[in-house]
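Order as written gives the chain letters A, B, C and D; numbering starts at 1 within each chain.
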């Protein structure tokens, strides 16, 4: 009866087998999941945010559970861009587009990392993490001020010829305004959202649950907030959007596509189920078959709303 | 061994038997819960937001469930300030402080409602709802722009001699800045937070779950966000803060007190359990007894954080 | 018969699951009701919380409304005479799927009975009960009460196919006049439940119509009743957050453009009060 | 004996609960393991997801790490010879309280076995296993493996009181040299488990110490071992989100200020590698 639906999309100039990417910082460097999931079932993966030098991050505890969500304050621990290129990338199977996530505490450092990653085989695009809510100096300012964000995107845009995705912070009054700034500075796409700044307290010890105090909230709890922000971005700009936040099923992903996302990322769900991203891709296919959708592209922005 | 802990606090000049209030719009006009809960077990209650004229609100569906949360777009349906005073207030048992919540689509309308409520018996204070995220004209602008918020608080402050609490929107880049504006204009206290703007989609019908499209997210899902914002407000201002967002147990309430709240409000939890607010009050007492806390006031702002 | 029963004050209570077994057209949840648990009047409902009663889970967050199908006990159908509240439900989404996972021995928190019951027929009126889908569950207590009082009634039940006809055996056991309709003709009339209804409407004797089921069915019944000049009561099945009038989530529009709360002003409404075109 | 067993590749699998009964000091969860479920090496653990396997619940969200206490089956202790994974746990918070609510017949999703196992003693070394609290569960498979291999070992177990001594009967059944210590003196030495450890440390023969338990206990054991010059392995029990190295949530600091992941580089660490003062 029904033929297999076409799941392919093009996001920010990168052709993807299907719309499912993994979210930065929730999929290691791509190989840790191998016992559970063939990476080739996915559209691609976004690696843990890279800084110019290796970074250690915060002391434990770094994670805490919240209702239908979790807090983290890993603080961008990573091996550094060199080690990523030398040690991590070679292990990624061929044919899996890698989007490298870039972070820095100053604009120049972001631009340096972008330069270093340009031309490296397997790296199909860059995602600028302008939105880490718990690094004291850094992300938060770029992600929360239109001016600073504009300068950051401009510098990165000049530093690379690769597709440039900007990942936005949800901790703003108007995410649409931030998306417009990115579009104006030549970004190829938007990823929304990063974690929502939050706090959890252990009433027995009277201390925050995380050593850092504040952390970032992720998981199903934030999905309706992410969905709203993706919809607002889609109304505001014409560059493609990648939806992130609390996605754990094919239906969740379809909701983001309907709201205007061209691709989506699976984050926290992979912790509970290392095969989650693959199951989300299968779930999108099943939805398309059930609803007679020939190409997943028909779903993008197809929300009916008076 | 341990004597009964002293739960009394003073919030915005209003003496409360205990720190537990009910959140506006989640407790009707106070009498609906009578079969389940003696109002006199609470510190007081905040009534559904009142406008000058009665309001009908949005067509159904107006609510939807989300992971550990719910969306609503009731859109400030209420009986109007006159009917509240004439028909609803007389039914509230004596000795229960009532905080009337005030809403308007223009600053003058807010001020009118404040005036009308001033001097009315049982009304112990006013809460300015500067933050309803799903009314198209109205709350959202006041709650999201420091200038507009300042003008609103000034007008209300001039219109009443009652204690004036301002309820803030979480949909802002810096809630601390908004709290400082309120303090500067003479507000007696801050309530944080109102619902987080969000969207939920029915993928079968490809329509938003709410007739209004966007709605406000409440319930346990937003608790860590509310806690963060209360903590940020407490760092920013010296007027007292009332914590709202996802509270359903005594421990949840204690976390808000530790983060600097003087009182708290129970909202969505009352839907699942009409006696929830009473159980939160009991839970705070039990916590104090277990930890040898003689007065609940010792907990306010007692978070240990390096 | 004349006026409605005055409903008992609602309570919140934890009830033990005695059984939760699939049967024709539905799952029958049998809950052990303490003596303090109030009997529901016909048409009333309960809110069932799905997150267990031990360690609180916050997902799913909201309770689900379900008709109080029947309270057994005093004259119980349970073999050992235990007082039990029965609820009949279909799995349509996440909440009901989780309810279906409940095992005997589990506990569920309930609030109820809630809502305004069905008004009783006036003397001389014959009651015609029209049920479809899960709405059938809301009508059983009304049928039983009328039968016990010796009042004239007839019951019309509709479903997709005979396998979907919930509570059929219970209605048959009442011994009341019963007609069926199925979309596929596998039982009773082939077609909508309005087909067997129409002949009665014009028969000349005074009727009072009671309907509960999918919105299109209720609208059709209400329109037929209005045309024929018979009073008609609809029991609505809206999404609810609280069930007792504090969230304003369950509002429906009336003809005079006023808003009514299904949980507090309903679930039973005079069809004439409602703006039928605006039902969700 | 020499090197560690090469651990099997981890799997995600749904296991049926056979029983979940409280016993001395803990609850024993017995899960029916399919033949494909890999045997864990001593010291490995599993992640247990608490939100059921039918309709997904999102609260609680994260799985909980638990030592793979023992795999029975081939030579099973289960009466009918079914292959079973046993987990011994204490209720300390919300997740373990929910685990305690599981009934026989329920299903749980597990990921495992995970982590780096205990290294085996070098020839000539005697193994000294020191367990406290829930850490006792992590040591049983090591004790069994050493006993089966005829390697010399002794086991020291500590708890608050004799009622808290989990797995005592299992260790007794192994027939290995066993010493106890309790805070209240209700069983064995009155005081910390380090008391019965000290005499052995200075006895002159080469030892290899293995410890798992509360942080203060492990730190004390590690310091005594270091002073006496014996190699010492600690198995850490940190909060975890994933259990397989992708969230970086379980990091601990090493002496060289590097960070190690407890789930991937541990849970077993050479005590010398760790910054003991920085353990959570």
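Quick note on the criterion: contacts are C-beta pairs under 8 Å (C-beta built on N, C-alpha and C of every residue); 3 or more make two chains touch, one makes a residue touch a chain.
Just so you know, these numbers come straight off a predicted model, no measurement behind them.
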Fill in the blank from the handout: Note: of the two pairs B-D and A-D, more contacts are counted for A-D
Practice task
Between subunit C and subunit D, tell me the centre distance in angstrom, where each centre is the average of that chain's C-alpha atoms.
Solution key: 53
Completion exercise
Chain-centre distance (mean CA atoms) for subunit A and subunit B, in whole Å, is 34
Practice task
Report the inter-chain centroid distance for subunit B and subunit D in whole angstrom, where each centroid is the mean of the CA atoms.
Solution key: 47
Fill in the blank from the handout: Distance in whole angstrom between the CA centres of subunit A and subunit D is 36
Handout entry: Junction residues of subunit D - those touching two or more other chains
Key = 58-60
Completion exercise
Shared-interface residues of subunit B (touching two or more other chains) are 66-69, 219-221
Problem - Pairwise touch network: line, ring, star, complete, or other - result: complete
Problem - subunit A residues within the subunit C interface of the complex - result: 67-68, 220
Problem - Interface residues, subunit D side, partner subunit B - complex - result: 58-59
Handout entry: List of subunit A residues in touch with subunit D within their complex
Key = 25-28, 32-33, 35-36, 48, 56-57, 59-70, 72, 74, 77, 219-221, 248-249, 268, 270-275
Completion exercise
Within their complex, subunit D touches subunit A through residues 9-12, 49, 56, 58-63, 95, 109, 111, 238-242, 244-253, 257, 259, 264, 278, 280
Completion exercise
Counting only contacts in the complex, subunit C reaches subunit D at residues 52, 54-55, 57-60, 94, 97-98, 101, 103, 105
